[in-house]
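Let me give you the structure first, and then I'll get to my questions.
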Amino acid sequence: MEVLRGIDGDAGTDVLASLADVSPELAHQVAAWGFGEVYARPALPPRERQLVTLGMLTALGGCEPQLRVHVNASLNVGLTPQEIVEALLHSAVYCGFPRALNATFAAKQVFAERGLLPVAPAAPAAPAAPAAPAA
Amino acid sequence: MEVLRGIDGDAGTDVLASLADVSPELAHQVAAWGFGEVYARPALPPRERQLVTLGMLTALGGCEPQLRVHVNASLNVGLTPQEIVEALLHSAVYCGFPRALNATFAAKQVFAERGLLPVAPAAPAAPAAPAAPAA
Amino acid sequence: MEVLRGIDGDAGTDVLASLADVSPELAHQVAAWGFGEVYARPALPPRERQLVTLGMLTALGGCEPQLRVHVNASLNVGLTPQEIVEALLHSAVYCGFPRALNATFAAKQVFAERGLLPVAPAAPAAPAAPAAPAA
Amino acid sequence: MEVLRGIDGDAGTDVLASLADVSPELAHQVAAWGFGEVYARPALPPRERQLVTLGMLTALGGCEPQLRVHVNASLNVGLTPQEIVEALLHSAVYCGFPRALNATFAAKQVFAERGLLPVAPAAPAAPAAPAAPAA
Amino acid sequence: MEVLRGIDGDAGTDVLASLADVSPELAHQVAAWGFGEVYARPALPPRERQLVTLGMLTALGGCEPQLRVHVNASLNVGLTPQEIVEALLHSAVYCGFPRALNATFAAKQVFAERGLLPVAPAAPAAPAAPAAPAA
Amino acid sequence: MEVLRGIDGDAGTDVLASLADVSPELAHQVAAWGFGEVYARPALPPRERQLVTLGMLTALGGCEPQLRVHVNASLNVGLTPQEIVEALLHSAVYCGFPRALNATFAAKQVFAERGLLPVAPAAPAAPAAPAAPAA
């Protein structure tokens, strides 16, 4: 639960609280297994877990409530709004525009709640290819 | 095309070559738009784009050929086999075990081709919560 | 239509009624084919059809309206709230937590409308493995 | 942008406008690549592109906002409400009833806004097989 | 069955024949309901049903066997290889490149079997916007 | 592991064994969490868990390897081939024919391996509505 609170903040604990009268066991498994057993493993830092998670939730579709929790979590572990927006732009290549648009509007809602709009555009690409700077 | 070759290596260019007699325009759009317009943007480094991509391809399902290309690409831009395997373990929480298993077996095939098996397990989790190391 | 009314109750017939001015043929096919030709077949009892259906609607995602109809239907054919909640917990293993959470909240809405909250937790697991009680 | 406005009308440009403060680059790519590079290609007329698109958005699920934009676009390029409804009935065979129902209700919302309800049913099928009437 | 044979040819009837010893009822429902009740309706011609179907099967993913049957069917009802390839290029905008690539390779397999490779590229786009030819 | 072996038999343990050199942690989580924590809960018997699982795997698509494991498991916990085939026919209503066909062919492969072909068709439906035989 500490891991979860540190990453998701109130948004995550609110979701679990709302399970209390319908499926406390599901709440327990999200916290104990999802966060305790998997998320807390040190082999990948929270920032990178969030990038994988944003990709998955965008691709799955229909996961806007979870996207909002995880956009919040992504900000909490150090991703900037620009980086989140870039990850969702990147998702258009693999999932198509509808999924990318839905995810971006879910992120916009979180940014609005946290007073982070407008998102400053990322700096324009330098002319040289950035993927192989030393080649 | 340089961006693509730098990241995907031969696996990516082979896919595009096999489109030449059926849909050269799709090959052109993958290279020109997917890689030239989106991937090459500096707002997110290749390593982090690959983490988002691994998450998406795992979640989409039925994308084993693309997963193999992108596991290769992930190794090319500096992710270790342990980190890739950890991202796919993480995906089980959000996509369920079947998608995580299919993606892990696709990764295993690439690791085998590159002589990277067995993958050494990640170091066991330290007792303290890793998400907030300084707290 | 009798089969449909017996299983889905008003929730199902309301859906079909709202199709009357846009696609009466789709309403006809849901009733005549979905319920008349397939659902009514005796080879699987309604209770077991509902379990398969809950699994499918959870896995598909974005089917919360249909989940509400089928949680109602599941109660109508004899599944208890505990069993429904357990099926959705089970779904987390195969579809991941986001789908399981969305489905559980759809179920919670139906339970609330029918005065079935809070759902009493299932009895804790007995120490012996239940899958092979005699082994 | 002209292609987009000609096809999607205000619904499409409103979506892009709402991206201005969160991901102007995504708006740019939808317009420049999605519409400028792909949609505008003459190899398939807009009417037929819309049929493919309605099929995809129905199958993806969770794309009701995009479906509403594209039902509008489909009307704009000459598909009739009957043809749209028929395409969505057809989708039930390949995607199942839940996806077909969700898409039909999204279409109904657009038809209501444009004063196109009730949709007159398509003429009943002639007794002879329509797929090969004379050949 | 006549409708099915006229559209799908041997590929479709082979699928149904291979169901005979496992689920003759599913074969019956594909033929009687999918083709007899829905496909044969005159409100949308076979050519346009195939475009919707190609979109759906591409978006669903994991339906390469069905895509091969329906690429064959699309050729049988008058779509050209160029139009099929264009529909699949179009799908990249909505479903992303992985689904578009998988579908294009399934189509390539059918084109190869029917001696239709290489597919001649569509004529380059005329400078004027094709979506509004009279403007 | 005992629960898993009792249900899945060799097919399940083979999958886990093949993870040993790539992701032993994923194998551990499938066994410890999927089977130990969730599957073994007595609130739903194995037969009914398998019905939910067959529905999910069919709906997800691209999970043919997992379907084969779970068709085996379904037979092991007492479902008959006829009941499995009926569940997959039922899935066509909710997931469409392509997913139902892919799942049925995966089941056929398992039935062939276990000498269970041909599957005797279910008894034809009695004229009275089976959903409410006595009410």
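Think of it as A, B, C, D, E and F in the order they're written, each chain with its own count starting at 1.
Rule of thumb we're sticking to: contacts are C-beta pairs under 8 Å (C-beta built on N, C-alpha and C of every residue); 3 or more make two chains touch, one makes a residue touch a chain.
Keep in mind that this is a model prediction, so the values were computed, not measured.
Undergrad: I need the common contact partners of chain A and chain F, sorted by label.
TA: Touching chain A and chain F alike, sorted by label: B, C, D, E.
Undergrad: If I average the CA coordinates per chain, which chain comes out farthest from chain B?
TA: For chain B, the chain whose C-alpha mean is farthest off is C.
Undergrad: Could you find the chain whose CA centre sits the greatest distance from that of chain E?
TA: Max centre-to-centre separation from chain E belongs to A.
Undergrad: Interface overlap for chain E and chain F, more than half of numbers shared or less than half: same or different?
TA: Chain E vs chain F: different; shared/all numbers falls short of half.
Undergrad: Cα centroid separation between chain B and chain F, in whole Å?
TA: 30
Undergrad: So what's the Cα centroid distance for chain A and chain E, whole Å?
TA: About 36 Å separates the centre of chain A from that of chain E.
Undergrad: Which chain B residues sit where two or more other chains touch them?
TA: As it turns out, chain B has residues touching two or more other chains at 25, 29, 33-34, 38, 41, 56-57, 60-62, 66, 89, 92-99, 122.
Undergrad: What kind of graph do the touching chains make: line, ring, star, complete, other?
TA: Per interface graph, the chains form a complete graph.
Undergrad: Please output the residues of chain B touching chain E within their complex, sorted ascending.
TA: Touching chain E from chain B are residues 15, 18-26, 29-30, 34, 56-57, 60-63, 65-66.
Undergrad: For chain F, which residues are in contact with chain E within the complex?
TA: 61-62, 85, 88-89, 92, 96-102, 104-105, 107-108, 111, 117-119, 121-122
Undergrad: Can you check the complex and tell me which residues of chain F touch chain C?
TA: 2-3, 6-7, 33-34, 38-46, 48-49, 51-60, 66, 77, 82-83, 86-87, 89-95, 122-123, 125-126, 129-132, 135
Undergrad: Could you please specify the touching residues of chain F with respect to chain A in the complex?
TA: 25, 29, 33, 37-38
Undergrad: Which residues, counting only chain B, touch chain C once they are in their complex?
TA: Touch residues, chain B against chain C: 92-99.
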